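Report on the following structure.
In order of appearance the chains are A, B and C, and numbering begins at 1 in each one.
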Amino acid sequence: MASNFSIKHQPGFTTIAATCFVVLYLPIIVLVLYAFNAASSTSEWGGFSLRWFQSAYQNTQVIDATLRSFQIGAIAAVLSTIFATMAALATTRTAPYPGLTFKYAAINQPLMVPEIVTGVALLIFFSRIKIFTGYSGLGYLIAAHTAFCIPFAYLPIRARLENMDLTLERAAADLYATPWKTFRRITLPLLWPGILAGLMLAFVISLDDVVITEFVKSGGQDTLPTYMLGQIRRGVTPEINAISTAFLLLSVAIVTLFFFVSRKRD
Amino acid sequence: MPDKPDRNAIEVVNVSKIFGSGEGQVAALDKVSVSIRENEFFTLLGPSGCGKTTLLRLIAGFDFPTAGEILLYGQDIAPLPPFKRPVNTVFQSYALFPHMTVADNIGFGLEMLGKPKGEIKARVAEMLKLVKMEALAGRRTAQISGGQQQRVALARALAPQPKVLLLDEPLSALDYKLRKEMQIELKRLQHETGITFIFVTHDQEEALTMSDRIAVMSSGKILQVGSPWDIYDKPAERFVADFIGETNFLTAAISGTGNGKARATLKSGTTIEATVAEGFQPKDNATVVVRPEHAKLTKDKGDLSGTVENIVYFGTDTHIHVQLDGGEAFTVRQQNTRSAGCGFERGDKVGILIGNDAAQVLRD
Amino acid sequence: MAAAEEVAKAAERRDVRDRWLLSAPALLVILLAATGPLLIVLVYSFLTPGAYGDVKWQFSPDAWISVFMERDIFDDTLSLAAAHVTIFWRSIKLAVVTTLATLALGFPTAYFMATRSEKTRDLWLFLITIPFWTNLLIRTFAVLQIIRNEGIINTILLKLGIISAPIQILYTDTAILIGMAYVYLPLMVLPIYASMEKLDFRLVEAGYDLYATRFKVLRKIIFPLVKPGVIAGSILVFIPALGAYVTPVVLGGGKNMMLSNLIELQFGQGRNWPLGSALSITVMVIVMLALLAYVRNAGKSGVRHG
């Protein structure tokens, strides 16, 4: 055995890990490269060009779908984050009380059910309501997105809260702060990074959803992912690569932000 | 005893605190009563789980008693939430607000009380000076050392001029040297501010050096309240004698009580004089305690006799463990000198002399 | 009874009430737009299909019967529905193999990440997090471009002369498997890494000190200690893999159906909402069974360490 025996070494593990990282990124890199391809097909390289970005930008369907995605994502993220924050405050840092386990289960329930099942359920439920009320706007998509975003927004907020020392709030109360003032001056500022992380997570999750949106949307309510899925089903053009690249860039930006916000410790 | 006025700042009357319910019930405090005088440095001393912190939390308002009253200058404060009590706490973990500066932390209580800005500023400056932290007023609390955090926590709790200051093992996170410094600092602050301090600790040495009076607690009960001298020299119960300092326990028959004195007949047949609590009835099977430093070892015949078992050198003194002829163990502490050894060796047959003022009869 | 205790009891009651009020909006939204509708699915599965989709409000067990059986149109006898069984079998098989493949790749990856220095660990975590939060459709699309006949794998193999004609990967079960393993790999790595990061390597040292080989240390010390992470990762991969919709659509080309595609079909061309509902409930039951197994296992191996 070598003179410097490494405790942590396991044969082959590093090779597998390296392969995994390469394999994870390689397809994405290829996809991005082909977005800048001048040729009309994705099988040959015709030189560098921005034409597919241009064409995507001039495609009103793409722009419509993008704006719709942002609109649904923004509203769903804000609503779900507010609700998740309230729920997190209600379910952390307490002795067990009747209903607490039920709340955990209920809040995490959307994570436990395959998307396809939720999609089907909402299709049926909302189609009834549509007949009943005659309303067929974006409200259904927003409601659905808010619901499945809640458990995601809840995760970082709850994690942050659980790491927060109750003694700080006690100290504030000891120093004559009323419960509301304690919340405003101590709890909320300390919880803020968790709330931001939850907000960003919810936004990304909403933006990424395909399955539930596919089942809930009415005609003409395509979001960017459902529009892209439709296009991919029909056949591949480099325009999809361009849209994907722009989408990727946004995701990476949000994830990077999320990463730093949730890692921030004070 | 120094000239303390006799007014009570805090009166704890028959307070019980029961956690849990049914089978899992635990009485953290069991009908505890104690009075804490105005301007006094009062210490709750006991091992962990004895109920001292629970009692402090009840006074602060973080918990409510299951039964009993807590009076602050005659008013029952037990039902009040913490933000309505003119009592402030120094937390074991300091609990400084990490998103505020040192000055903002100190001014927080005054701000919450709705004091005008000018007054807060002046008071914060005064507090910073009191704890010698003027230079660090603008720092975030994460950027200062543990000792400095301790000072800020003190200043923050003192700033609203509470009627009583509660200190929950505030020195336990500091290293030895800093702890000694802060002990002196705390005494100074208490003297300068004239505020009643209630101090919780499990460290008997800390309690003895700092307190005007000490309450020794065990299993949710207060066993003895008294000055450090009382607690050390006249322990009422076995637990108190054992918890504070080192003690030898001897079985003796007590007779001739009166005037706080009694005659104790030891197993060896020797009779010595011992102090005793008022109203103690003579009995055959009582326990007498003798501190190791109050006994003397001799090569001649003493009040007790035995064999040297072990000799442990401590620098300032030497502990000599003796196996008494009756089978009991007895330790004698002997001051060291530079030139000579302790004068005994393992296996020596020795006698133990117990002075006239060395023994105390326990209540139980 | 002390006044203080009355106050304490009232405060406790108020606290519980406030906690219910605070969680009410989240619970309500989830009840209305996630959990509640599942009950309607259950009801629909017992109704009769309508002529143009939706249902007729008439009880019928047919949907449930046709989940696994089919009725012969001539003599009305029931026989095993070969098409459905095939799809069930393919879905479960693909989900299990995906889980095993991601475990085989994810475990060493998580181990590698957890054994990096404190500083670089965050970087590796970041690198695994990016694909995790990148749109699943885009990542599936990226795989499509790699494995299709004109994709770089076939191009390189052709150029190198290893093969003479492109290998048909796309639109096969293998394509779905590759795609799912690719998109769900981070879901496996993250929970294992979370357990692995807490692993106390002094225990590994102790293992070596007591004459264990590298493999024995891995099997007897490391693996049992990170087992909760492995189980969590497996569940996180298995559930979405079983209900996968995007991957079979994009990489299976609609030919190699999985359960979700079969369900979708009933709500589209199939116009058999009750059957779609019954199939959905069946998928959910399989998932619940998997979760139950997880909870039991997690309960057993719930040894605290570190």
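Simple rule for what comes next: a residue touches a chain if its C-beta (ideal position, glycine included) is under 8 Å from a C-beta of that chain, and two chains touch if they have at least 3 such contacts.
Values in this document were obtained by computation on a predicted structure and should not be read as measured data.
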| item | value |
| --- | --- |
| Chain pair whose interface holds the most contacting C-beta pairs | A-C |
| Most distant chain from chain B, judged by the mean position of its C-alpha atoms | C |
| Mean-CA-position distance for chain B and chain A (Å) | 55 |
| Rounded Å distance between chain A and chain C, as computed from the means of their C-alpha atoms | 17 |
| Whole-Å gap separating chain B and chain C, where each centre is the average of the chain's CA atoms | 59 |
| Chain B, residues touching no fewer than two other chains | 81 |
| Of chain B, residues touching chain C in the complex | 63-70, 76, 78-79, 81 |
| Residues of chain B that touch chain A when the two form their complex | 60-62, 81-84, 87-89, 91, 93, 95-99, 108-109, 112-113, 142, 156-157, 160 |
| Residues of chain C defined as touching chain A within the complex | 15-16, 18-23, 25-27, 29-38, 40-41, 44, 54, 105-106, 108-109, 111-113, 115, 122, 126-131, 133-139, 141-146, 150, 152, 182, 185-186, 189, 201, 204-205, 208, 214, 218, 239-240, 242-243, 245-246, 249-250, 254, 259-260, 263-264, 267, 273, 276-277, 280-281, 283-284, 287-288, 291 |
| Complex contacts: residues of chain C adjacent to chain B | 1-8, 11 |
| Complex interface listing, chain A residues touching chain C | 5, 7-14, 16-21, 23-28, 30-31, 34, 42-43, 79-80, 82-84, 86-87, 89-91, 94, 97-99, 103, 106-107, 109-110, 112-125, 127-128, 143-144, 146-148, 150, 154, 201, 204, 207-208, 210-211, 214-215, 225, 228-229, 232-233, 236, 240-241, 244, 247-248, 251-252, 254-256, 258-259, 263 |
